[in-house]
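You will see subunit A twice below: alongside subunit B first, and alongside subunit C after that.
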Partner chain A sequence: MRRTSLSLGLAALVAVIWTLLPIYWILKTAFIAPVDAVAFPAPLWPSNPHFAAVHNIFGFGYTDADGREFLPAGQSKQVINGLKNSVIVAFFVTIITLLIIVPLSYAFARFEFRGKTALLMAILFSVAVPPVSTLIPFYILFVKLGLTGTALGLIIINLTITVPFVTWMLIGYFRNLPAVEPLARVDGFSRLSTLIFIVIPMARSGIAVAAIVSFLFAWNEFVFATQLVNGTPAATLPTAVSGFLFLQPQPGLLSASLWISIIPAALVAFFLQRHIAEMNLVEPVK
Partner chain B sequence: MASRAEARIQNEAKLALKRIELSNRQFAMLLALPVILFLVMVMAYPMGYAIWLSMQEVSFFGGFRTSFVGIENYREALYSDNFWWSVRVTVQFVSVSVVLAMLIGLGLALLMHRVRRGRALLGTIIILPWSMSLYGAGVMWQYLARGQSGVASSLINRMLGRTTPDTAVEYSLISSEQIVNLLALGNAWNLAPLVAFFLLANLKTIPERLYDLARVDRLNIWQRFLNVTLPPLQYTLFVFTTITLILSMKLLDFIFVMSAGGPGDASATLTFRLFDLAFRQSNYGLSAAISFYLLFLIIGSALALFFFWGRRLEDT
Partner chain C sequence: MSGIEITNLRKSFGNVKAIEEMTLTIPNGVFCVILGPSGCGKSTMLNCVAGLEDVTSGTIKIGGRDVTNLPPHARDIAMVFQSSLLYPHLTALQNVRMSLKNSDTGAVEAKRRIDHAVGILEIASVLDKKPGAMSGGQRQRVAMAKAIVRNPTAFLMDEPLAALDAALRQSLRPELAALQRQLGTTTIFVTHDQVEAMTLGDLIVVMNDGRVEQIGTPDEIYNNPATKFVAAFIGSPPMNFFEGQVEDLNNGPALRTQYGPIAIPRHLFDRMGGRAHSLGVRPQHIDINRTKTDGSIPGTVFAIENLGKESVIILHDTAGHDYRVLVGPDHGYSVGESTYMCPDLSQAHLF
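And now, the complex of A and B:
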């Protein structure tokens, strides 16, 4: 018995190291003094925690214990602006996605209608289309319409990713809900009020997962943003961070800005690990 | 008197209700309408435009101009070595990614299934790579693998006691030979959590009784895994093999950030190639044509998986 729990503990340790090492390796750099951050061989951990990078990235100067002064990062404006844009884009993408997909996936799970299979095939097909191939026609269209460099354009193109994938997630989820419709009907609910007052509250954890996944997709999106809004006032956080990418003298700043972009993902991780598997990706395919 | 008036009101209410009461089918269509419009707008239009574009030669001198060239772009792709190289890289990247993601995902699922104490904490850690951006993952893996800042240089040199810049040697994990496998490893790191949580949900549905029977039959761990655990997971394994296959074949963000198709074009997958063709070389026609080859490859391999694996599972 003790032997199995020991090997289980070891396996858990391996899993945790495998998962966290790539994250840890760069995130530690935010707390290492700029001189040591570029040291070779690279330090294993911040032995003297140093907070210049996390101040500079937000546009604040920093004076450390030795009296050395560190000026605000030149890119701090872009980072703060990018943060703002990312929140706006991710927020609207989430809301619009939910408005479209909740009724649809409910209809899919509960009703038979003509063209249902065709529609499901179309949705699964949209999941298979590479974003980079949709980007080409959208880019040319947006150039014509003047939508490059705008949050609106980015929101529209992000929907092409979130809508198909999240619809697929929710169809399976709704199918697993108990069929309350006949009961609601006896109680005098119309179909629409059944959906709004009974089904949606019942489905809140599934809808929350759908919302989180859409938010994260939009928050994390890079390729669309780099082509459509990079270098414009509508640049999102990932494109702003790409300004630091190979800025070797200051890996601390890159690391600090990655901290910002990871925080939402870390905040929802607990909720997500608990509810993600309620989204039945397997069943709609059957 | 009063009752008659009441009856009339009730009757009218019923009629009014009937008027707005839709059939199931109509109600469903009403709910589905937004998405149908949406699909037409954001999927059918770009697909149609891409088909048109793939048959054009686009020139940018003096504005956006196109001329019809028929299937010339599709032919040009087939005659180009770059295209076939990218097909090779894509196939290697995707196969290694899928195998690793499924194995690691299965391993993580079995682990989470066994762990009792601290299960929520473990789950929260394990899902992190999936919830983070592929872009961030690209930065992380590059930082980790590179010689100068990398973990290999740091650990090996420290173990050998070489801690000063002039004695230490750079060990880079990035090389033209291994870059595709390294990218696949990073991609598996990102995808495995998704696989793991769905397999875990499936594992929970296996009745404990079967494990008791396995104990009675004195199966060893390996036999138990093959005969008790694995069979009920088959359909989920099939679906997620397909999902990881499609996601890996579509992937660009991670490759774009971590290796940018390099060194040289050692890791230029089809997605990278068509991004490069369209947005760096402004060769939109050829890029659109290649995007359809990629789409055929994706759909084709998903269908092949279904044909050779998924279809057989449905019979059982």
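And now, the complex of A and C:
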């Protein structure tokens, strides 16, 4: 017993360091003065914290203790715009995904209908296809439709990934829920009101996890965004952040904008983690 | 007024005839148990009465009203599902309230009924718990409370005790019977457990393969089984059957077995005539001896099950058929011994 808890503790420690160290490094770098950023060996913590980067990425100037002025310039102006676009894209992708997948996966889990197996296979197939392979056809299509450089185009292409993936995930979840439909019928609920008033509240953990997955996917999505919206007013946060990689090294600004992209995702995951735990139980919500 | 009247009910799923033909009248206030092996159509029958399944043909009346084409909610019934199914995400109280949510019961009346149900089922302490946090017995009580607040004309229950352990089932059985008597509501209770059927039912309907085998009181079903299926299904340990050909020989009717004739009482023979080919005798109506007597059947002791107060001796004949005989605790037999069975023919049944 003692030995297992010891090795478990060690494993947990390694896992925590493994995940948190890079994040700490980014946090630290965001508050380091430009001169310290290139020092070797790199300092382990910002001994005299410097707030220029976090001001600049939000479009504000900053004057440090020595009276030097740092103005937002170039790529750093893109961050706040990217943040706004990312919020819009991730929000609509999440909402539309949920509106589609909840009835869809419920129907797959509970009803028999013609062509069900074929449809399930099609969904599985679209989960299995690497997204990059559809990129060029989509790009050509979007050019013709005038959807490149728009948030709408990005939302549509994100949905082609989130919908099949999350549907596949939720079908199994719905199947595991107790079959309360006859109970609801005796209680006087119609099919539709059973879905709305009984099944959705009963399945809220699974649906919340589906929402997290869709949100995080759209929030972090980079490949499609690079091709479709990079350099346009519809650029999302990941593409804006990546812009720093191609300029003269500005580790402070890069780290500060990485922070912005991590925080909302972490918040979403944090507030919904109870549901993640609940969904992972063998017998959900029972 | 009649409680529930089922007339010429038939139900098929595609080519599968789940219910071939069923006519059943359950008088008002009667506790009727539908008993049968797995897959015989019990649940299908109950779902037809509840309106959860459409009938293929036939009519169903509840409280004198034809409900054949009404949805479940309009049938004035309450249902308790297998394993006392509840909404898992709602508390006990919310579960009970759901029964009245879509009815036109006023708030005051709803509260009065819920308080009443909570009182008789003694579930006040679990009202804030969700089903996952309740014991099996508590879930069963909440499911009952959910049913009785509707004040229905009929209760329909599909194996509500099946998932509980034996001890709990035994303690809930008499409570359920008492509750039904107290409320006087016509009840259909589906089970595959004969002990449940015998102890709960005023009326038992034995089903097999989509057909009704017999309808009767527990006494009638046990003492006068209408078919060999009923005779074999009811009673534990089960009835023994001696196979052969029934003939009217010159010294009276007899069953011709490979061990010689077994004389049959005239009144039994007159009912069945020469069509019968098995003689059923319950385990308590067979004597065994070490010596051969007239009309006795040889059997070798294969196993002995000691039940404490009595023992079941399992005998094999030369063809390997099982026979079970109930004997007192000091029977003195041991496995492998050769014995002779003497059935008490006054208690026998011909099929």
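Rule of thumb we're sticking to: the second predicted complex is superposed on the first by the 256 of 286 C-alpha atoms of A that agree within 3 Å, B and C clash if a C-alpha of one lies under 4 Å from a C-alpha of the other, contacts with A are read in each partner's own complex, and residues count from 1 in each chain.
Here is the rule we use: contacts are C-beta pairs under 8 Å (C-beta built on N, C-alpha and C of every residue); 3 or more make two chains touch, one makes a residue touch a chain.
Bear in mind that the values here come from a model prediction, so they are computed numbers and not experimental data.
**Student:** Under the superposition described at the top, does placing subunit B and subunit C together on subunit A give a clash or a fit?
**Tutor:** By the criteria stated at the top, subunit C and subunit B fit after superposition, with no clash.
**Student:** Would you check which partner chain A:Val268 touches, where first means subunit B only, second means subunit C only, and both and neither mean what they say?
**Tutor:** In the superposed model, A:Val268 contacts subunit B only, not subunit C.
**Student:** After superposition on the shared chain, which partner residues are touched by A:Thr150: those of subunit B (first), subunit C (second), both, or neither?
**Tutor:** neither
**Student:** With the two complexes superposed on chain A, say which partner A:Val127 touches: subunit B (first), subunit C (second), both, or neither.
**Tutor:** After superposition on chain A, A:Val127 lies in contact with subunit B alone.
**Student:** Examine A:Asn81 and indicate which partner it touches, taking first as subunit B and second as subunit C; both and neither are also allowed.
**Tutor:** neither
**Student:** Given the superposition on chain A, what is the angle at the CA centre of subunit A with arms to the CA centres of subunit B and subunit C, as a multiple of 10 degrees?
**Tutor:** The three centres form an angle at subunit A of 70 degrees.
**Student:** Could you tell me if A:Arg114 is touching subunit B, subunit C, both of them or neither one (first, second, both, neither)?
**Tutor:** first
**Student:** Applying the document's definition of touch, where does A:Leu141 land relative to subunit B and subunit C: first, second, both, or neither?
**Tutor:** A:Leu141 contacts subunit B only, not subunit C.
**Student:** Looking only at contacts as defined up top, I'd like to know whether subunit B or subunit C touches more of subunit A.
**Tutor:** Partner touching more subunit A residues in the overlay: B.
**Student:** Just to confirm the value: shortest Cα separation between subunit B and subunit C in the superposed three-chain model, in whole Å.
**Tutor:** Between subunit B and subunit C, the minimum C-alpha distance equals 6 Å.
**Student:** Would you tell me the residues on subunit A in contact with subunit B in one complex that are also in contact with subunit C in the other?
**Tutor:** 285-286
**Student:** Which residues of subunit B touch subunit A in the complex?
**Tutor:** Residue list for subunit B touching subunit A: 21-22, 24-25, 27-29, 31-32, 34-36, 38-39, 42-43, 45-47, 49-50, 53, 64, 104, 107-108, 111, 114-115, 118, 120, 122-129, 131-137, 139-141, 143-144, 148-151, 153-155, 157-158, 162-163, 165, 168, 170, 186, 189, 193-194, 197-198, 200-201, 235-236, 239-240, 242-243, 246, 249-250, 252-253, 256-257, 271, 274-275, 278-279, 284, 287-288, 291-292, 294-295, 298-299, 302, 314.
**Student:** Over in the complex, which subunit A residues touch subunit B? Could you list them?
**Tutor:** By the definition above, subunit A touches subunit B via 8, 11-12, 15-16, 18-23, 25-26, 29, 38-44, 99-101, 103-104, 106-108, 110-114, 119, 122-123, 125-141, 143, 156-157, 159-160, 163, 167, 190-192, 195, 216, 219-223, 226-227, 238, 241-242, 245, 251, 254, 258, 261-262, 265-266, 268-270, 272-274, 276-278, 281-282, 285-286.
**Student:** Tell me, which parts of subunit C touch subunit A in their complex?
**Tutor:** Residue list for subunit C touching subunit A: 47, 50-52, 71-73, 77-79, 81, 85-89, 98-99, 101-103, 131-132.
**Student:** Would you tell me which residues of subunit A are touching subunit C in their complex?
**Tutor:** For subunit A paired with subunit C, touching residues are 177-180, 182-183, 185-189, 198, 201-202, 204, 285-286.
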